[in-house]
Structures are given as structure tokens and as C-alpha cells.
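Letters A, B, C and D mark the chains as written, and numbering starts fresh at 1 in each.
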Amino acid sequence: MHISFGACVNEMIVLPCRAVAEPDKDYAVCFAIPVNTKGIKIITSEEAPFRPNDFFDFPINASIFSASGCIVFENVFVPIERVFLKREWQYSANYPYLFADFHRLTADAYKYPELEVMVGLGAILAEYNGLENIPHIREKLARLMMFAEGTEALGKAAVEHCENEPGTNLVYPNAMYSNIAKFFYADNFHQIVKMVQDIGGGLVSGGISEKDFNNPETRPLLEKYFGAKAGIPTEFRLRAMRLARDLLNAWHLAVTIHGEGSLAAQFLAVNALADWDKYKAAAKRAARIQDGSKHPNVQ
Amino acid sequence: MHISFGACVNEMIVLPCRAVAEPDKDYAVCFAIPVNTKGIKIITSEEAPFRPNDFFDFPINASIFSASGCIVFENVFVPIERVFLKREWQYSANYPYLFADFHRLTADAYKYPELEVMVGLGAILAEYNGLENIPHIREKLARLMMFAEGTEALGKAAVEHCENEPGTNLVYPNAMYSNIAKFFYADNFHQIVKMVQDIGGGLVSGGISEKDFNNPETRPLLEKYFGAKAGIPTEFRLRAMRLARDLLNAWHLAVTIHGEGSLAAQFLAVNALADWDKYKAAAKRAARIQDGSKHPNVQ
Amino acid sequence: MHISFGACVNEMIVLPCRAVAEPDKDYAVCFAIPVNTKGIKIITSEEAPFRPNDFFDFPINASIFSASGCIVFENVFVPIERVFLKREWQYSANYPYLFADFHRLTADAYKYPELEVMVGLGAILAEYNGLENIPHIREKLARLMMFAEGTEALGKAAVEHCENEPGTNLVYPNAMYSNIAKFFYADNFHQIVKMVQDIGGGLVSGGISEKDFNNPETRPLLEKYFGAKAGIPTEFRLRAMRLARDLLNAWHLAVTIHGEGSLAAQFLAVNALADWDKYKAAAKRAARIQDGSKHPNVQ
Amino acid sequence: MHISFGACVNEMIVLPCRAVAEPDKDYAVCFAIPVNTKGIKIITSEEAPFRPNDFFDFPINASIFSASGCIVFENVFVPIERVFLKREWQYSANYPYLFADFHRLTADAYKYPELEVMVGLGAILAEYNGLENIPHIREKLARLMMFAEGTEALGKAAVEHCENEPGTNLVYPNAMYSNIAKFFYADNFHQIVKMVQDIGGGLVSGGISEKDFNNPETRPLLEKYFGAKAGIPTEFRLRAMRLARDLLNAWHLAVTIHGEGSLAAQFLAVNALADWDKYKAAAKRAARIQDGSKHPNVQ
């Protein structure tokens, strides 16, 4: 229905989006197929307008063409050797759950480099504005950086505490930690954006266009009035502002919440995974509630 | 330096941006002048790309051309009858303070209709998605609505508890309340955006373009797969998604923080306005600290 | 079931806790009765241990005995002239709704003086610790103060925009604003507590007891090592710390959320009160959704 | 000055609280000494009133006697074999930094079992109140649980990515991750408390005392009116409420912020540790700012 980069791949893997019950077993299918197979239609949505080569004014959208796609199947033939699940509804739950587990980890994996850019953007805006040592800005930079490194640490924990499928050599990410990693950055992302914009100052709401900067009539005025701190070319400061403007767009914010499953999906997942009896036992022990339950780690 | 809608007005009023001390008295000036006076140059920044007539895909940016401007004066003649302050540095502080007071109230005044749109956007996304009665969505709608109405109430308080300049009939907004009103919505705005996007679902990250919707080949697929709840045309749902995408842009978020003075400016203003002795007296009374201070309202 | 100060009053008014339907009409009763009427039993819960006269160590709990009560009626006779509702279930909804409306306003009314104490406590802790001019502390004080004054402004708005019962001279608080006022401080209260404790430093986790302060053996050590900034007696600093310790207790935090209706009760109330059609009309106008709806304030 | 459990140990280790410069080298000392050495005075502060054996009403404070101490040295003799640093000011910085690193990890280590109790407390309050399946309560339980498990994961990351002192077999916790772990739970702790109290309902502001519960006159009333959901003894519900009341006290909240270094200390630490050049290089690459800097992981 709404697949990020759906129009940008060669092959697609189709799987059930939830556990399928017997009456719906026709939907218990999983297969892989080239995206240009006859009968497949992709209706893309241009997520942010593409701006090829306009690297000064739109440094992100000049670099990335991000088109999600609604993928429609009309009488598509799928060869049997590419079918992994065919009406075996009993096994259908494994597919979305394992997918979600890996997917949330990949989210964490690509988010860390994005967060590096955002931390760095906050840091160069502060530097170019000459405000690196203002206390509230230092505090915001520390918070930004802890979000990035905390995201990285939680993703690592998902890998390093991976789970082993019994009786096999298959491992997959720790589902609890991959969900927490995804939730951690997604639930806080709008605050991260706010801090970057707060550090940047009013100019990150618009910024100056390359055309004005390269116009001989306006260039001297811009050099005079938009100068960065000593030693930093004005150009750097203006580019940083445009990055703030281009990076923190509506698509980016919305996709951070909803990509790889919305926040509500993480609540569902972790509620299913949690060992509630363990937590309850800890509280009962503290409250002297004696119902025979026992925490695994205490006498 | 960075004046919202600076290129969209007929006249501008120029005033000092802070209290001016005697050595800088050449900067203690205030005047009004037509924007097309000889010698005035405005370097605009296109805040969000203008999309004239593209009301389906870009309903906000088809309607509004928002260009802030850096305004440069090069040998501009200002007639004396349009000059309100000319080197009388002793009075210079009144201008930015009174301006800020009114400006923060105007912020509140224009923000309320914007927030009405955002609350309504959350509400129609919930309705069209058929999720109006999901508990966490009802809770988010209630929060959105309280933000809007709280902003309105605080703005009204600034007006209804206005201050009277002694010895005159001049009144101006209650400075404490106008600052709180502005801070209240600006400090929370990114959370408001997050809630709208969370309600809307993944489609608000992109949405479907009018061209695909009006294309006879894709229209039936879109009607089938993007249908809203019974009784609502698919078109309405798609328009709502594009509004979410167009409204919640980087410019909107940044300008909400920085317009009319950044959050730091509100901290400065309210710290200067607050009657700290009153609060301290209340705490000392509670702690039985007897230093002779007295709260005005208690014995 | 759980009535704040239930054991501390002379008379009580009993009313239905919700709208009563016809089958339950025996519960559609409202009356007033002295608390010592035969057959009334009150089982109190000591909300915070009472510490009479111990004003240094427990300045709040030495002053206030706060006992909520579970009130049980066993064959209590209520004279008919004190009965306001007797099985007229059709009118039963008015009682809890009007009560809630006034109750939330009283919450706002008593909360403001409490918040004055909390703002002042933050301010004297900062002053006595010699940290009043540290930027992050100034920012926290500004935030504390805006919470207090915002609460006050919202409460005033509830009164100044009161509603008039048609055909009568009866007015009651603006229900939307009284709910928002209550929600505003209750939803943020734990953050207010955090800021006061953060400003206060580690000593607010315990503090020094009066016995040690008045002990000739330890007094000189305390004067030496716990001295406040120049000009402030050590005693004042120690008293401020004990106030922080005594004021910010579990009862205070829990009752701020749940008193006068929990946060969930405000969501219910404002969802019922909101003019959703107005917000939706604003969003539809912005999105160019033409379903005939109209915002009351725009053409 | 204010040492948690200062009065409850046999030995203490004394170290500089910051890097010591040459003029202050008399303070560049580190040593270990029994707490009952002649000349040591400890002035304790009773952090929460101790309630021995009162396990129903005060389940935490009946179990734990938490006394921080101000420790004063008056002519204390320290044998030379117990002295680790004696005026070698050049090395003084190592002591507080390494201490803080380990200390923040121990904070994480003890906090996880505490958070298990808090998650479990939320869960049993929800269960006993019969509200386990209410959506907003399930969401809050999921959030609580993610805080606990996220804290655990970050602490593990500090250990598993430990740092090796060059040229030795000494390892110590990853300083970035141990700081983030501590900050993560401390910065969010007041919100955790709020969620537990919100789940618990108004009764967690006080609760019922054991004396009333065991009083034959009031017991039947309490069984009738405070009954838990079917199958749960009333006693369990009342004990859970008292745990909420006793656990979430002012000391607990304040010590979570300030123990092992306040939030400001974590900002300082991570600002010093962060590889700012790396983040800046990432942002410069995205913005096409070419100043020769290079991110270590990209071409």
C-alpha cells in the first residue's frame, strides 16, 4: 500500500502483514518477484520534491529521490520456485513478526548515520553562529549527541544479544531491543528536530538561495550581513542553513514515526514480548504480596 | 536581517532591536518608510517553494507566498515627519519592548486559526481513516484541541488584563501573558505536529498526487485501495493527506519557534517581568524562613 | 470512596458520580448532611504522616493534616428538606457535570498558591546556593514561573468567560477553560517537581534535621560546611531543603494528577465539549475539501 | 558532603572531586580508611523516615534505612600504606573521572531492579484494578517496560563495549554509554513515576492502613468497597497501593536525578567525550561544505 522506496528496487518480497487465520488462508502467501513482472503497477508518491543538482539550496533532495509506492498486483504470475508460503496459514505469523524484527533493526541501522548528520548540523550551526559555548546550546548539543549514541547502543544491543532459533544456526535480532531502539529515536525525533532548529536561529526557517549568493549585486551584502564567526566562510553558514531547511521536512518527520511500523506497532510488539510475570513478581516481593509468584533472579 | 513577509508589505517601520546606550546613539532611530523608497534593497528567502494553483498537491503553498527578507539600507532618505526617534537613546528601550509585547500577542492571534486547522486536520484524518473512536486517537485529538484553546485563552488573558500606561489612555497587552501565550504554543509545537502525523498514518509522509488521481488508468486503483471510510469520497482523504504533508514543513516548524522572538527571548522577557520577591515570600512562609519578607496576599 | 479531606469537614454534599439511567434510579440522589450523622462511617487514609510542631524538618506536614476518607452510609436518615434529587434520574447528569466544572476551577484556584510556593522554592534554592545567575537555572526558573502564571491565566479565563444558564442569573465557569486549566498543571506537574529538585541539588533528597542543627556539637560543622551564599543564614538554606523534601512527596504528586478527576476525565470532558465541526471546517477549507461545511468565522 | 549510605559502610574511599591544579595540591589526596577511625564525624540525614517492621503501610521504608552522610575529618590519621595519591596533582584528574565512569554504571546496575519493581507495580495496579486491557493503560505499561529494558540495554552496552587502559589489562566501562545509561533513566524518571501514579488511580495518593484493614469493625467495609478484580484478595490491592505511596517519595525522585552526578554532570561528561569532528564532518558532507574535513566511515 505504501512501501518506502517501492519504485527504486529490482526485486520485491511480498509477505502477509499479519497472522492469517484459516478462513483467510488465500492471503497466507509469501514470494519474491522482479518489480517489472507483467501485471505489477506501482503508483508512487513523490515524498519530497526531487531537486537534481541543486546542492546548495536543496542538499538532501538534490541527492535523494525518495518515492514510496502503492503496489498493485493484477493477474501476476509467480513461478512456484519463488513462493515461500502458499496457504499454509498456520505459519503465516512467522513472516510479519520476523520481518518486523529485522526491519526495526535496519531502521536503527540507517537512523544512526542520519542522526550523526543532525548532531553535526546542530554543532556546525552553533559553531558558525559563534554560539558553541553558550550554555543552553551546549546542553542541547549534548542531548542531541546522546540521542544519536543511545540509538546506536540500543541497536548494537539488539545484535549482540541476538536470538537463536532453536535447533538451527539461524539468529535474528533481539526483538525487544530492536523495538526499543526504533521506538527510542522515533518517539523523540520531533524533539531532536526542535533542538536543531532552536540552535540554528531564525534563518533556518528559510535561508538564502544560491542565486542570490552568486549574484554580484547581492553577494557583498550577504557577505557583510550574514557573515559567520571569524574564519568561517559565509558560504558555509548559508549552506548549513539550507541543510537545516531541507533535511527537517514533513516527509522526514512523518516517516520517522511511521517507517518500520508506527509507534503503536512497537507498543503491540513489546507488550507481546514482555515477561510481565517477572516484573509483577518484583513488585509483589517489594509489596509483600504473597501469591506464590517468584522473580527468577531473587531468592 | 530576517523579516517575515518583508517583501510583501507597502510600508515598513524600523526600530531599534534593543535598548541603545549613549555611545551607540546613532542607532537609536525609529521611522516609517515605503518599502520602495530609493536605496532599500530586500534579499528575500523563499521560505517554502510557491506552488501557484496546485491546490490539491500543495494546498498551503499554492495559497501563500511567504518570503522573509533581509532589508538593506543604502543611503536612504527618510523625511523628518516620519521619524519617531532620532538619537534620543534614553527612550530607545521602549520601542523594542513595546514592539515585542504587541508582537507576541499578534503571534498568538494568528496562531489560533492555524491551530484550528491543525486540530481539524487531525480530526478529519481520524474520521476519514475510520479511526475516530480509537482511544489513543481520541486522547491525541483532545490534547491537540486543548493546545489550541489554551493558546486562545492565554491570548485573551493578555488582552483582557491589558496594562494602562500611567497618565494616558494608552493600553497594551499584558506582557507576562502575551509572552506565556507565545511560549506555550511554540514550546509545544513540535509535539503538536507529531500528534497530527501519528494520527494520519504513514500516508501523510507522501500522499498521492492529483495527476495520479485524475489519471483514468490509476484512478480506479486509488479509489479501491485508498478509499476512506464509508460515505467519504476518496478525494477528501487524499486531500487531507496532502494538507498534512504541505502544512507541517520545516519552515512552519522553525518559524513557530523563532518568529516573534525565540524561546530564549521569552525566558529573558519573563525573567525580567516576574515578581520574584512574591514567589520567594510564599516559599519562605511555607519553610518558616523569617527574614522579614511578606507575600502581598497573605497575612 | 476516596474523598480528599473527607474527615475534616462539618457537612458533606452527596451527589451521583455520573449520569444515572432509569433502571438505576435509586442511585439518582443528591443531599447534604452533617458528617456526624448517625450511621456514617469514615475510614481515613493518612495521606502524609502528620508531624505536628515539627516545622523545621516537616514544614508542610507539620501544618496540614490531610486525611482523605472512604465514606460509608449504613442506614442513615436524611431529612427530606436536605434532599435535592430523589430518583429524578432524568436530571441526574447535571449534578456531576456541574460539580466537575466548579471542582476543576477550584483545583486551579488552590493550585496557583501552591505553584507560587514551588516557584519561590526554586528561586530561594537557587539564591541560597549562589546559583541564581547560572543560565540553565534561570531558564528553569522562567519555566516554573510560566507554569504558575499560565495556570492562573487559564483559571481567570474560566471565570471571565463564564457561562450563563439560559433563563436564569446562574453563571458557572467556562467548562472548556476550567478543564484546560486543570489539565495544564496536572499534566506538567511532575516536570515542575523535577525542575525544583534539579535546581536544589543533591541535598534536597534528604537535608539536615533540626536536632543536628541545634546540637552544639554539630552546629559549627553545619555552619561551616552547609553555609549559604554570603549574607544568608545557614538555617535558611537548610529550611529550604527540608521544604523541598517535605513538599514534593508521593501524595502531592498523585493527588495533583487524580484530584478533581484524573487526566482521563479531562479528555472525556473536553472531547464532549469541543466544537469538532468548527475545527474540521477549518482544515477542510485549507485542504480544499468541499463538502458544504463552513467555519463560523470565515466566509 | 552528602554521601549516600555514608553511615552504612565499614570503609570509605576518599578521592578528589575534580582535577586539582598545582596551587591546590594539598587537596590532591586519595586514601581508604575505616569509617570508625578517630576524628571522623558523620552527620546523617534521614532520607525517608525509617519504619521498621511496618511492611504493610511502608513496605520500602520498613526494609531500607537510607541515611546519607556529611563526613567531616578532624585531625584524622591515615596510615601511609592506605594512601593512593599524596599531592601528585598531575594525576588527580584520573580519580574523579574513573570514579564517575564506574559510578554511573553502578547507577544503571541498581536502577534496573528498581525499574523492574516500578514496571511490575504499574502492572499489578492495572491488574488488580481490573484495567489491564484498557488501551491507554497498555500503552503506559509498554512505555514503562521499554524504559526499564532500555536502561538495562544501555548499561550492558557500557560493559560490553568496555575500554581497555593502554598497556594494561585494566578495563573500565565505556564512558559514553555509562553516562547515557544514567542520563536516560534519570532524565525520564519523573515521567515514569507519573505513569505509575496515573495507572494506579486516586487511591495511590494515600491508601488504607494495616490497622484499618485488620480492625474487625472496618475490615468488612474495606473488603466490600475496595475489592480487587475477581480472584484477587483485597489485601493485595491495598498492599500495591501502599507500595506506590511509599516507593515514589521525594527522596527517591531527587536522588534519581542527583545520585552519581546530576544531569548537568552528564552534559559535561558527554560533551568532553564526544567526537564532535565526526558529527560535523557528517553534516558538512550532507551540506556540501568543503573544508577538508572527513568522516571516518565514509569516502
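What we mean here is this: a residue touches a chain if its C-beta (ideal position, glycine included) is under 8 Å from a C-beta of that chain, and two chains touch if they have at least 3 such contacts.
In this text the structure is predicted, and so the values were computed from the model without any measurement.
Looking at A-C alongside B-C, one finds more C-beta pairs in contact between the chains of B-C. Most remote from chain D, judged by the distance between CA-atom centroids, is B. Remark: chain B and chain C have CA centroids separated by 30 Å (rounded to whole angstrom). Separation between the centroids of chain A and chain B, computed from CA atoms only, is 29 Å. Measuring from the averaged C-alpha position of chain A to that of chain C gives a distance of 39 Å.
Each of residues 136, 139, 247 in chain B touches at least two other chains.
Interface residues of chain C, counted against chain A in their complex, comprise 134-136, 139. Residues 55-56, 59-60, 63, 113, 116-121, 123-124, 127, 138-139, 141-143, 145-146, 148-150, 153-154, 156-157, 160-161, 176-177, 179-180, 183-184, 235-236, 239-240, 242-243, 247, 266-267, 270-271, 274, 276, 278-289, 291, 295 of chain B touch chain C in their complex.
Here chain B touches chain A in the complex through residues 1-2, 41, 43, 45-47, 49, 67-68, 70, 72, 136, 189-191, 193-194, 197-198, 200-209, 212, 218, 221-222, 225-226, 244-251, 253-255, 257-259, 262-264, going by the rule given at the top.
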